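What follows is a pair of complexes built around chain A, which joins chain B in one and chain C in the other.
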Partner chain A sequence: MGESGRYLYAVTRDVDPQALRDVPALSGGTLEVLEHDEFLAVVSTVDLDEYGEEALRVNLEKLEWLEKAAQTHHAVIEAVSDLGPVAPMRLATIFLDDDSLNRRLDEWRHALTQVLDRVAGRLEWSVKIIAANGAPGASGTRDPDNRPASGADYLRQRKAAVEQRSQRESESQQEAHRIHEVLSARAVATRVLQPQDPRLTGHHGTMVLNAAYLVEAAEGTAFAEEAASCAEAQPHLEVDVKGPWPPYSFAMLEQR
Partner chain B sequence: MTSVLGETRVAATLPSPRDQEPMALVDLLDRLLGTGVVLSGDIVISLAGVDLVQVRLHALITTIRADMMEPR
Partner chain C sequence: MSETPDQVPAARAYQGGMSQAGRPQPANLADILERILDKGIIIAGDIQVNLLDIELLTIKIRLLVVSVDKAQEMGIDWWRHDPMLSGRAQALEDENRELRERVDELESGKGS
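After this line comes the complex of A and B, so read on.
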């Protein structure tokens, strides 16, 4: 083993470190919980031959490696989230040693406290809304039976198709927005994320909403039921509700 | 041909927290790379200079393209 670093998964407080004892760490390591004032930092030791800057550049491009790392990281966050409030770190947050980790916790003290206060007792729900594309070729492929006779013809057809499509999309957008408002009323906080690429999700159509909702843990069932009833009312939209998850989307430190 | 989705799919499984389907990789990376605590600075090795979103998209799309090359 070459040089090693300290991989930080999450920061929490007021939990029993013993409860994390059997949770697997990255690269077959052992999870440790470091106490620093009121904070508990969940860490493990990683080999910089695998997690150093150069190695990461290569490893992150390997899907198998990326998936394993992300799932292991996530399993740790979930285990912490089951016990108490969690401020999850981004994938591959690595310190050279515990001193530098502790210095960073000192720097983040105020922001970390805010994050932990905000997410305590709350979980994240994901709602994605997908509108079917009404016609084949909607994403720009041409219909061979309807070949334009001229360049001007082509432009006219293209313009009409684009307009029709954009009108359908804007109606779907509005319906999605109404659902978002209904669900937001049941959430403590919401975030609208970038729509996901269909090549990654495999969905057909246009993702008109990709939103995250921070919901009181006790109200998760009611939230999911509300989402289901919104979906029933809009049968031409696909409403994909997932959760509850650790509050990833609501644990950003206010710093750049 | 119209491809209207005939049914509404609601994947909401009512919890029991750990009794749910695992988080999809795309959702996980959306959050683990896109949000979460964002770090920068000298102490943290955390991927200095690497555009995480690019990395993710590149890795995933390359794989999916490889799948699509399979004969249908």
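After this line comes the complex of A and C, so read on.
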């Protein structure tokens, strides 16, 4: 084993470190909980041959390595989130030693405290709304009974189809917005995220809403039920509800 | 976790139906990555992870996440285009091309 570093998964407080004893750490290491004033830093030792700057540049691009690292990192954060408030770190936040890590916690003390206060007792729910693209025959397919008589006629038909599609899209946007308002009323905070790329998710249609909701842990079930009933009321919209997540989307620091 | 990472093929499909027993839902990897790369707390550690690299990385992941088969099935060839191009811009471009072809066809007298 070469030089080693300290990989920081998350910062928390008021949890029993023993409860994390059996959670697997990266690279077969052991999870440790370091106490630093009111904070508990969840860390493990990693080999810099695997997690140094050069190695990371290579490893992060290997899907198998990345998948394992991402899932282990996420599983640790979920385990912490089950116990108490969690301020999750981005993947691959690594220090050379504990002194350096503690100095950084001191530097970010105020912001970390704010994040932990904000997320304590709350969890994140993700809601994505997808509108199907167009009705059959609206574009692309050619209806033999409705053949354009001329080039100009054809262009008129296409123009009408495009306008119809854009109107349907704007109606879907408005419905998604109404659902977002209903769900926001049940949330402590909300964040509207970038719509995901259909080429990444494989969904068909337009993602008209990708939002995260910070919800009181005790109200999670009611939130999910509300989302499901919104979905039922709008059968032509696909409403994808996932949760509860650790509050990743609400643990971002103000200074960015 | 009871996963068997050694058996994961490099170009596995991460969408629906390909889940092996006992493994987390494959689609979750995209959701997990969205969160652990883009969200959460970004504190600079002692080990520099270049931000630009992370951005490039997400683009590469998007490529890898969709398996080659799935990609072809969906008619994906977007790595030949600007990766920043949105789906809508691409659709408009496609429609534009279709229209131009159709107009050419009509003008040459074949389509009417």
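Methods note: the second predicted complex is superposed on the first by the 226 of 256 C-alpha atoms of A that agree within 3 Å, B and C clash if a C-alpha of one lies under 4 Å from a C-alpha of the other, contacts with A are read in each partner's own complex, and residues count from 1 in each chain.
We adopt the following convention: a contact is a pair of C-beta atoms (placed from the backbone, for glycine too) under 8 Å apart; a residue touches a chain by one contact, two chains touch by 3 or more.
Bear in mind the structure is a predicted one, so any value in this text is a computation, not a measurement.
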**Study point:** Partners on chain A (chain B, chain C) - clash or fit
**Key:** clash
Review point. After superposition on the shared chain, which partner residues are touched by A:R103: those of chain B (first), chain C (second), both, or neither?
Key: first
Exercise for review: Using the superposition on chain A described above, determine whether A:S150 touches chain B (first), chain C (second), both, or neither.
Suggested key: second
**Study point:** First (chain B), second (chain C), both or neither touched by A:S184
**Key:** neither
Check your understanding: Between chain B (first) and chain C (second), which does A:G243 come into contact with in this model arrangement: first, second, both, or neither?
Key -> first
Practice item. Determine, under the contact definition given at the top, whether A:Q114 touches first (chain B), second (chain C), both, or neither. Key: neither
Check your understanding: Now for A:L91: first (chain B), second (chain C), both, or neither, which partner does it touch?
Key -> both
**Study point:** Which superposed partner A:R158 touches (first chain B, second chain C, both, neither)
**Key:** second
Check your understanding: Where does A:A224 make contact in the superposed view: on chain B (first), on chain C (second), on both, or on neither?
Key -> first
Practice item. Please indicate which partner A:Q196 is in contact with in the superposed arrangement: first for chain B, second for chain C, both, or neither. Key: both
Point to revise | chain B and chain C footprints on chain A, overlapping residues | key: 5, 48, 51-53, 56-57, 60-61, 63, 66-67, 70-71, 73-74, 87-96, 100, 104, 115, 126, 193, 196-197, 199-201, 242, 245, 248-249, 251-253, 256
Review point. Any idea which chain A residues touch chain B in the complex?
Key: 5, 48, 51-53, 56-57, 60-63, 66-67, 70-71, 73-74, 78, 82, 87-96, 100, 103-104, 115, 126, 130, 132-136, 191, 193-194, 196-197, 199-201, 204-205, 210, 220-221, 224-225, 227-228, 231-232, 234-245, 248-249, 251-253, 255-256
Check your understanding: How about chain A: which of its residues touch chain C in the complex?
Key -> 5, 8, 11, 24, 48, 51-53, 56-57, 60-61, 63-64, 66-68, 70-75, 77, 87-96, 100, 104, 108, 112, 115, 126, 139-140, 148-151, 154-155, 158, 162, 193, 196-202, 206, 242, 245, 248-249, 251-253, 256
Point to revise | chain B residues touching chain A - in the complex, by the definition given at the top | key: 1-5, 7-15, 17-18, 20, 22-41, 43-48, 50, 52, 55-64
Practice item. Note which residues of chain C are touching chain A in the complex, please. Key: 1, 3, 5, 8, 10, 15-16, 24, 27, 29-37, 39-50, 53-54, 57, 60-62, 64-66, 70, 74, 76, 78, 87-88, 95, 98-99, 102-103, 106-107, 111-112
